[in-house]
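Multiple structures are listed underneath, in structure tokens.
Same chain, two partners: subunit A is paired with subunit B first, then with subunit C.
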Partner chain A sequence: MTLLLGIVMLLAAISALGVVLSRQTLYSALSLVVTLSMVAVIFLLLNAQFLFAVQIIIYAGAVMVLFVFIIALLNPEAEDRPAFDWRSWIGIAAVAGITILVFVTARNGITYNDGGLRGAQIGRVSDPYHTFSFPPDAVNAAGNVQTVAGQLFTTFILPFEITSLLLLVAAIGAVYLTRREHSGS
Partner chain B sequence: MLAQSAPLVPLVTPSANDLLDLLPELIVGFGFIALMLLDLVVGRQRWWLAVAAIVFLAAGFGASVWGWFDSGNGHTLYFGSFAYDKFSMFINCVLLFSSALVILISPHYLNRRGIHHGEYYALILAATLGMMLLAGAMSLMVIFLGIEGLSLSLYILSGFSRTEERSQEAALKYLLLGGFASGFLLYGMALVYGETGHTQLQQIGAALHSTTQADPMLLAGVVLIFVGFAFKASLVPFHTWTPDVYQGAPTSVTTFMSVTTKVAAFAVIVRVFTYTFVSLYSHWEVIVAVVAIASIVVGNVAALTQTHVKRMLAYSSIAQAGYILIGVAVGTLSNTSSSITGTTGVLYYLAAYAVTQIGAFAVITIMAGRGEDLDSYDGLRGLAYRRPFVAAAMGLFLLSLGGFPPTVGFFGKFFVFAAAVNANLTLLALWGIAGSAISVFYYLRVALLMYQRPKDEQQEYPWSRTTIAGGTALLAAAAGTLVFGILVAVVFNGAQAAQNAILPAIASTR
Partner chain C sequence: MLSDYAPILVFLGFVLLFAIGVPSLSAALGPRKPSPAKDLPYESGIVPRESARRRFSVSFYVTAMLFIIFDVESIFLFPWATIVRQLKVFGIVEIGIFIATLLVGLLYVWRKGALRWD
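And now, the complex of A and B:
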């Protein structure tokens, strides 16, 4: 299990490099899709199914569609269009393989006997650093979404509310900076 | 799976009292939303928005003063996410006072620049709210959201002059570098969370106290968090955006962000480093001290060669941040015989810096011409003969920035350096004093230029007239600079009380 986690992390890191190193913007965007999907897979492997779904829907889905739209709007030239060469096939195969592997493993049940990669050092109860108060089995029993929601609306209610104000500021800024000047006002 | 069992952790709803203790932030947040709606009502009479903004800020100030007396020894709100203590109330008061002064000088300036839009006031309040949240933040998440709240508002405000290239460039530069710094900050927070398993500062502090080992991952997290904060406080080597953004942004915005951002950033630096990472002091002390010295040297030397007041003040603000950081580098060390500690020095310096820097920038703001800032050294020559009162006020602010008694700036420097000496960090204090000596040169150069006779061939600057609101702001800043310099004890005792009641309290976790 830890090995699979390691492979996924490596893939996420490599595709993140691809975001930075690609010469064409569309390749960067597609690499980012891989990065975000792999982060989603990490969530799944850590028994956070809800975060996995959210990550896929919002980041790999909605946000990336916006990215690709904008790139398509700004770069209509033909030369920036990606051609399917061997690199993209490797990427697609790797993502597909990992995803299948993950789902097969997830179906068979994900079990950890420690708190993650650093569990050997920090996961012990005797260790003062030990603070894992959400063991996977207990979270699954109580419901993944329910636990996240419960925490979000009680312990973390203040950050949650501040985020809504943050979004309002961003919306105002977007409207102000892109608004056309009306003549006479 | 489908049959639901009891929740994993018992769901505790926050008490209603927590909401009441959040009153200053609630007032400013409400004001932010209310101003957006008021903008639709007032039409062209936008100065009503300024009036409303000042009313909200004053109400927030009143609530903060009430909170100062009410909070006592302080307690946390929302399960340790937010502090209700004298420290945050002290910072709130400085922030709200500064914001109100900026609002006073804004309408006239914005009108002359042709960028008088209602969003301005709402965004100033939103930025102030972000800073207040930062001042009271007791959780890594609230810290991050506070930083983003103030940054987002300031990105928009720096680019507020949409038709002007320099303003847009400033906004973009600030946005890109700011986003980069946020990434550092978030990465550091993730590492600290990974090592301690907590986002709440109190629990992080407790977790760090209960162990003697300092994991490299943890130290990397601490350093990355410092990088994120240092960017916001424009400390060397994370200062490169400062002069360009300060020059490109509308001057009233520069006034606002040069003061309030630093106040908020130092508030959070003190809370996180001096009081939460206190057990790691020996690890971060050197980094903080080196950054402080670098800021003092680079800021002062670069300010020497400037020919525009806005840029000079930008570089001088970097140096000022360096002096303040000395107070952080002192940590909680102190001779028991002395009452001057690093945090007290930082708090006093922040209050002093706020009134003085606002005053200096306000002079540039209220004299700004139509569509341009008239702030070149050549143009300022002979200001005293045309505008004796404005020139006298500017002279006072420059003396205070340079650290001359009996202004408030002298005591700010005195307390910070004294704290360093008390903690046996005399070398650090000497760097600060040497830097102040250099700074006197470029501050006095401007002051002397204003009192020289104008050259005959000199083109007369089309300076703006001083409005009643602008004059009031100048008078308030000048009064603050002088009165708090003479009645030192008022602010000093306040700073000391704030320091004594700061959360997370070290004594309880040790």
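And now, the complex of A and C:
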């Protein structure tokens, strides 16, 4: 289990490097498909089957279609790459620093903790009426999708409804930004 | 639990074997007579007329964007459908508001003519 998770994480990291280091933009996009698929497998190994399906359908499917279309639309050439100089190292240091910070805080249980104090606190705030812990066996017995749906459509009803507004803004924005100007102004 | 996915692992193994095996067998056994015509991109048998590296219409982008938006909408309908009986009227009203909001978007997109291809 842990070994499998390690292999999948390694493949995700390698393909993520491929995204950054590929000379061809389309190869980066294809590497990103592998990365997103590996993240989906990590979801699966973490007993989040619904998120696995969503990750495949939304990210590896729809979002990648959009990325490939954008590559075709903007048609970036290999020589359009920015030069690699001392400013790049600032970016690399920032990304590495934030990544290490996230991992350290996660290890200390600030962002998540199975049954620890912080997790229980978040649980009381976000969902005072239900137990916050969702052990794999209980979730699988009730059904993974049903458990997600039960939380999504009752506890998190406001974020869910706001999502529709977000999608509405995205739809209007996409059409507005790409509209053709018919008037002479 | 995890062993339920063993068939998928076997399947992936066969896929990998096939993907590596067939091209290498073809390279090892097949005759090789390169010619300029064979290096041309295959375009339904006709000779390519111009470079493929040209800009595509923005309509592709709009279509992909709208596809993602309504794809995400449909993703929310799947978990909702599994517990629609437990949620009763509350669930119908809840998803009704969600769909109505996005229906406004669809009507806007429709009225603006973004669904037409021209």
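By definition in this document, the second predicted complex is superposed on the first by the 120 of 185 C-alpha atoms of A that agree within 3 Å, B and C clash if a C-alpha of one lies under 4 Å from a C-alpha of the other, contacts with A are read in each partner's own complex, and residues count from 1 in each chain.
Note that a contact is a pair of C-beta atoms (placed from the backbone, for glycine too) under 8 Å apart; a residue touches a chain by one contact, two chains touch by 3 or more.
Just so you know, these numbers come straight off a predicted model, no measurement behind them.
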Query: So, on subunit A, is it clash or fit between subunit B and subunit C?
result: fit
Query: Of the partners subunit B and subunit C, which touch A:Leu45 in the superposed model: first, second, both, neither?
result: second
- prompt: Who does A:Ala170 touch here: subunit B (first), subunit C (second), both, or neither?
  reply: both
Task: Mind working out whether A:Ile57 is in touch with subunit B, subunit C, both or neither, as first, second, both or neither?
output: second
Message: With both complexes overlaid on chain A, does A:Thr155 touch subunit B (first), subunit C (second), both or neither?
response: first
Message: If we overlay the two complexes on their shared chain A, which of subunit B and subunit C does A:Ala142 touch? Say first, second, both or neither.
response: first
Query: Just subunit B (first), just subunit C (second), both, or neither: which does A:Ala72 touch?
result: second
Message: Is A:Phe103 touching anything from subunit B or subunit C once the two structures are fitted on A? First, second, both or neither.
response: neither
- prompt: Which partner does A:Trp89 reach: the first (subunit B), the second (subunit C), both, or neither?
  reply: neither
Query: Rounded to the nearest angstrom, what is the minimum C-alpha distance from subunit B to subunit C in the superposition?
result: 8
Contact residues common to both interfaces of subunit A (with subunit B and with subunit C): 140, 143, 146, 150, 153-154, 157, 163, 165, 168, 170, 172
Message: Per the contact definition, I'd like the list of subunit B residues that touch subunit A in the complex.
response: 1, 4-9, 11-14, 29, 32-33, 36, 77-79, 81-82, 117, 119, 122-123, 126, 129, 133, 139, 141-142, 145-146, 148-149, 152-153, 155-156, 159, 162-163, 194-198, 207, 210-211
Message: Considering only the defined contacts, which subunit C positions touch subunit A in the complex?
response: 1-2, 5, 53-56, 58-62, 64-69, 71-73, 75-76, 78-80, 82-83, 86-87, 91, 94, 97-99, 101-102, 104-106, 108-109, 112, 114
- request: Spell out the part of subunit A that touches subunit C in their complex, as residue ranges.
  value: 1, 4, 44-45, 47, 50, 54, 57-58, 61-63, 65-66, 69-70, 72-75, 77, 136, 140, 143, 145-146, 148-150, 152-154, 157, 160-161, 163-165, 167-168, 170-172, 174-175, 178-179
Query: Considering the complex alone, what residue numbers of subunit A touch subunit B?
result: 118, 122, 128-134, 138-143, 146-147, 150-151, 153-159, 162-163, 165-166, 168-170, 172-173, 176-177, 181
